[in-house]
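Some structures to go through are shown next.
The same chain A turns up in both complexes below, where it pairs with chain B and then with chain C.
Then we have the complex of A and B:
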């Protein structure tokens, strides 16, 4: 286990090695949150609530959704694709560790870095500028933390899946981009799922994406009530287990017919 | 002696599609593709004993890298059996790779953005090397490769020679009994090459480390290996001692004469070598002729004596046939007397 924890530390160091990324990231997230804040305020106008969410809940939802994104989002899929394209995956395979687990740990290292140096300070700044409702209930915070862990796992698994597909397509930049847009839209980052038309909500109930952003954000803003919370977290857990299956299958097939490109 | 590597009838086939020509062909390729099965490694068998240093040579595309990748568990063989360190490299990958070290000359295995020592620290954790063993072993490795001052620099700021020495140290961090080196000296200057060779020799003497080395630089092989395995088009065409390669193929010497007399022709020279096993070849420049003779004192002095007595010369050189010439001969002519 030590090696996996060490990997988190290494990723931390790598994030620190590029300071410009760090500062520009804070800027981009602040701009996004600001833009959505004004957009939603304009949409709400004088209305007290839409789809059962008040304007205050809505802005808190948007702010927390972006801050949570800082934790679960990473470019591991693009990294895997690049390592496969450059043949660097060969070097990874001569190491006595599980490649996919190591990649997950790198993602976690990145997530923890962003959460502590990005989301926390960012949240303080945002809370000073915009009115945001923080729950005083420690149970909400705890449930939010649990949901956030699972949202990281689901997003990570989808990234691994997209990355492994490079073994079969050799070049899947398009797929990676499409995946990113789909996740931003269907996970409820841009728009809460309850705002989608009924039929779309039906379909999304059968997809893993809402476990990524919608669930933790709804828990944080206390828009879910008691049993809904439990139900949502259970759904996340189920998806984590379901997604293990295609990843393992594809990984085994890929390893079998691996062609190391170049050299 | 126990065998470290045992390879039997190892084969790796790649499926490659050949594109049809023209626009029409490109559209047809969308629907059906022509596949060709190409054997990159074609039923090879060999074994390596503990402590041996073996040179694994061949032209580009001869199948060296592919076979190394099968030996290290990266690629699955199409057929055949591989046992390395008593394990099946592909099936028991995680367990197996603990017992080997690998250096790919063309790929870095250190983490690009962070200091070398951080990479070492991670690898130490990955291979579960205990602190005392690490300090003992690595302080020696770091000293002999002279990389102490480089440890706190990020890998991207190192020169190629510096990086290569760090790569070597990283591959030996867990002191593996078997080391694969895939073109470790590619693009390095003479001093770094010498240092790396010295170091490998020392590791071999100290820990009895088995080394399998692929390279295009035959001076590496001459400096390190007693045995060579030569590949061509996926097949082993020579497997044996470097010295017997020399004695089978390069038993002769070449004596190069530059004549003062411009009228010298093959016909006028021919009688001088009568009843001796020798032949004249043109030397590439005007008035230069080379006598290919057996490597025996008598013959050499006899030839020189006769030629000098008959013609005036301005220059004389005696060459030993180099390993490179021998190998070029083998590839050009195929193995006849090997």
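Then we have the complex of A and C:
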């Protein structure tokens, strides 16, 4: 266990060395939040609420969705693809640790770094510019934190899956790009899932994506009521378990038929 | 003459290299299409809950987005020099560029072109026809010419902003982070400017004139007469900003000192 925790620490320190790169990131996210802030206010116009959310809840939703993205988002899929392409994965496989778990830990180190140096100060800055509703209820914050952990795990698992697919496709930069675009829409980053038409919501109930952004953001803005929160978090947990299955299967097949290109 | 000839030779060469890896190219075009589709779906979803956004209907917003795609695609094909600082200044590649007997910026445009981005022109025009037919827009004989003129204006706006930022690299060495920021600010131009507050509207019109890539020129085709003045300013703004950016580029090149080594 110690070596995995050490990995989180090392990745955190690595990111810390390049922390100045992140100041512009906060600005970019703020620019995006700003665009959606004006757009949503225009959409609401004089309507009091849409799909049970007020304009203020919506801007808070957008802000927290982007700042939470800074935490769960990482390029581990691209890193894995790179290591497979360069043949480094062969060396990784003989090292005395679980490769996928190690990658997860690196992602976590990155996430913790961004949470403290990106999401947190970013949220403070955004709250100074735009009106954002923060809950006063500690239970909401606690549930939000729990949901955020699972949102990280689900996103991480999807990244691992995409990364492992490189074993079979060799060059999957296109797949990685496409995955990112799809997650932005279907995870509820761009707009809440409740804004989709009924049939689309039905389909998305069978997909893991809404666990990434929709669930934590809805909890943060208190747009979910009582039992909905518990239900949503449980759904996240179920997905974390379900996703283990395809990852392990593909990983086993991939290791058996590994072809190292160069190296 | 020499420049056009060179351009076509480079373009032919580019096609050859790209066509060697056909699947890569197809995948790239498909993932571009996918992100355009996501933006399109976003507009559709939003209008499932409202009929107007600041006085603009669903079809009008879709039309503006379609128009925006055209100059953006041309810009992406030729002026996508977001990595100029890293690629040419830090690595000292600019030395090689300066020994070539054509204008340095033109040489870089030739080297950095990404012709597959032009696919967005087709998507954009298709989106405009879709929205236009639902709005019962009619096309006058001169409209295609106006369209070309306004698209050129919009492309020049985008190009000049990126050239200006690239030029900063000649004086200072850390503007790499400004480039991605510009893409995000550029997205503001996809929606009508009257949804923003007056400061941002002023900024998008006169300082970083991204509004001239989407709303303003599109307003002409949508018959929004109160915006006509801005619509016809598009080529003027494009040209003025472009000349200014070329001037700054040329001034910057004289300051270039090489990367050592």
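Details
Just so it is clear, the second predicted complex is superposed on the first by the 260 of 263 C-alpha atoms of A that agree within 3 Å, B and C clash if a C-alpha of one lies under 4 Å from a C-alpha of the other, contacts with A are read in each partner's own complex, and residues count from 1 in each chain.
Simple rule for what comes next: a residue touches a chain if its C-beta (ideal position, glycine included) is under 8 Å from a C-beta of that chain, and two chains touch if they have at least 3 such contacts.
Just so you know, these numbers come straight off a predicted model, no measurement behind them.
Superimposing the complexes on chain A yields a three-chain arrangement in which chain B and chain C fit side by side. In the overlay built on the shared chain, the residue A:171 is in contact with chain C alone; chain B does not reach it.
Look at A:51: by the touch rule set out above, it reaches chain C but stays clear of chain B.
Contacts of A:231 after superposition on the shared chain: neither chain B nor chain C is touched. In the overlay built on the shared chain, the residue A:10 is in contact with chain B alone; chain C does not reach it. Once chain A of one complex is fitted onto chain A of the other, the partner contacts of A:31 are limited to chain C, with no touch recorded for chain B.
Once the two structures are overlaid on chain A, chain A sits at the apex of an angle of 90° toward chain B and chain C, using CA centres and rounding to a multiple of 10.
Legend: residue contacts after superposition of the two complexes on their common chain; A:91 is shown touching chain B, with no touch to chain C. In the superposition on chain A, A:258 makes contact with chain B only, while chain C stays out of contact range.
In the superposed model, A:2 makes contact with chain B only, not with chain C. Measured by the number of chain A residues touched, the leading partner among chain B and chain C is C. Here's the short version: in the overlay, chain B gets within 12 Å of chain C at its closest Cα pair. Shared interface residues of chain A (contacting chain B in one complex, chain C in the other): none.
Those residues of chain B that touch chain A in the complex are listed here as 14, 65, 69, 72-76, 93-95, 97-98, 100, 102, 104, 106-109, 111, 113-114, 118, 121-122, 125-128, 154, 182.
Residues 21, 23-24, 27-28, 31-32, 34-35, 38-39, 41-45, 47, 50-51, 171, 173-175, 177-178, 181-182, 184-185, 190-191, 195-197 of chain A are the ones touching chain C in the complex. On the chain C side of its complex with chain A, the touching residues are 23-24, 27-28, 30-31, 34-35, 38, 41-42, 45-46, 48-50, 52-54, 177-178, 180-181, 184-185, 187-188, 191, 195-197, 200. By the touch rule above, chain A contacts chain B in their complex via residues 2-3, 6-7, 10, 13-14, 17-18, 87-88, 90-91, 93-98, 255-260, 262-263.
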